[in-house]
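One structure is given below, represented as structure tokens, and several questions about it will come after.
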């Protein structure tokens, strides 16, 4: 069944990429936030 | 997506008495947005894969379309936002780099989603047209758009001062706005001359019933939420990156000034 | 620091260069770390300092080629933060690179760079003459020249540009004895004619004899030399501040 | 000096450098000719060469454009001349137009040669009306390529010395020229049964392209080469 394989691959790749992007930006945010004082975080 | 959950829940506990300063880039708003986004994405998976029916014409492959349409929408939205923020940056470039960062963050996720679009589109095309790629005007333009914004990101990484990065990349983004309609129009004209490649028109008719339409809308909403959440956070991360560079400059300046006391000045009295 | 002392400028006489705590970076490295410097019209200022002290960046900052990151600065009346483009045509920089086109002859190069500043043909001829390039050398391709001859050509281009402010980065490097004499004479007469000259050099004997004032550059900052030579008389005529006519 | 004087000065300088060094004449032209011959080896099938000759002419032109752009900025960066040009305070738009013009003249030479080669090697032929379309095609296409080449060349090579970035930036942008010029040339040559009048919409597209990038480039070139 080509269809099932193709569909699952699409969903896996898409959701996986989104999760990876989210994880990257969160972990980068954490490591930078630890290095910087509050005045450099204007959104607080 | 699991990682988003961890942040969202653990961030409250991280704000203990010792750490009044947050150790992440989130706010209450982005955390709430993150949770809603996860919910939307999970229900998209559920509706897209399970609840929604197969299409009468296309069969199961229509499930790929939810992803394909959702990502391409976000990619185009992202590139529009990049262009608008670049123009805004050039408009008042004297002070704030915020517009530049929004443009950069938006382009990054735009490129990522465009890659997903092309990927999902190729798999869908294989299922319904029997071919991974057609030289259809829309597909070709999208591919060019993708390469153009990969180039834009490369220009952002060229180095130099923050202002220089902002100005350069904003100019390149606006040139891309000039380029895209030209590429699209020429490819379209090209395809209309060569009628033989109209495979794209053969089996695109999808009859959407209520649940399918709902799933499609859900996909648009879910991916837009991902986009908004990501750009908000990424833009903050880029701001912190720039602030850290400034801190680096402060540190380097102090180091540099210390050279004066280290070296004896030749024959001068201070 | 002598910032306060230097900030005292005679009223009504706008200095040619006025930098206050200027910071400029190369990549992420602060080549200038808060430089305060004032140069008045007609002066010949020698910048001394070790390699990497920031002399080149200081000159490029004054030429409008490097952006001012912090602090403030004015050069020939233009604000470095906002008017870099308009100051450039009034300033001449002799950098490390000569800025010559190797496939063109000496006279073609000088004519090109002179033309960018609107120099007439006779002014170009005069510039070639002054740097000893008028004869056989004028038609030689720059690629075939020695390092010293290229430097002469580059200087001739600078002369033809008739700048108000001359910024010379290691101008003596590679020049032979006559070349140095030609250079010194050119600089002196330019200053007499009302131009201002800032020279960065390691050739302290040469450049020291030429200079009216010496500034030490250390760690990206400027320090006035203690034993300052007697101030030169303010050049008389030449109100438009042009160099060699 | 106003922008047009600067443009004339820079274009004359670039062309004089080329006349002296003969790099384009001795290296780029032979390269382009070689590409045409290599295509003949690679696509050796019945009448296919005659049919695809318009595309091959413009493909060879676009590849050569890459080399020409690298050359035109190598001249500037070899001894810090681009820096000196910025330092001289001349109009960046003038420099842009000057370099574009010099580039276009060199490209034009190349295109004439390539078209001649297509006639000889691929037995392409023009009707009188086709020749008119061809001329109307070549002029805006060449100007467009010159503008785009100078613009992105200045960014990738002039300001930062990243020659590898150039094709990534350049090729997506020149796609409309490649498509438009190829289709118009097909019409001019009557390749694949195209009618001569089919060429005119493409000529219009090429003209729009050249005008847009001429204007856009003259505005953008300054900020792009600035530090």
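Here the chain labels run A, B, C and D in written order, and each chain numbers its own residues starting at 1.
Convention: a residue touches a chain if its C-beta (ideal position, glycine included) is under 8 Å from a C-beta of that chain, and two chains touch if they have at least 3 such contacts.
Everything quoted here is computed from the prediction, not taken from an experiment.
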Greatest separation from subunit B - chain, by CA centre: C
Computed distance of Cα centres, subunit D from subunit A, in Å: 42
Distance from the mean Cα position of subunit C to that of subunit A, given in whole angstrom: 53
Mean-CA-position distance for subunit D and subunit B (Å): 33
Distance from the mean Cα position of subunit B to that of subunit A, given in whole angstrom: 11
Set of subunit B residues in contact with two or more other chains: 159-161, 164
Shared-contact residues (touching 2 or more other chains) in subunit C: 67
Residues within subunit D bordering two or more other chains: 227
Every chain pair meeting the contact rule: A-B, B-C, B-D, C-D
Residues of subunit D defined as touching subunit C within the complex: 1, 6, 9, 13, 16-17, 20-21, 75, 78-81, 83-90, 227
Contacting residues of subunit B [partner subunit D, same complex]: 144, 147-148, 150-151, 154-155, 158-161, 164, 167-168, 171-172, 174-175, 178-179, 182-183, 185-187, 189-190, 193
Residue numbers on subunit D that touch subunit B, as the complex places them: 151, 155, 159-160, 162, 165, 168-169, 171-173, 175-176, 179-180, 183, 198, 201-202, 205, 208-209, 212-213, 216, 220, 223-224, 226-227
In the complex with subunit C, residue positions of subunit B that touch it: 159-161, 163-164, 245, 248-249, 252-253, 256-260, 262-263, 265-270
Sites on subunit C touched by subunit B in the complex: 1-2, 23, 25, 27-30, 33-34, 48, 50, 67, 69, 216, 218-221, 223-227
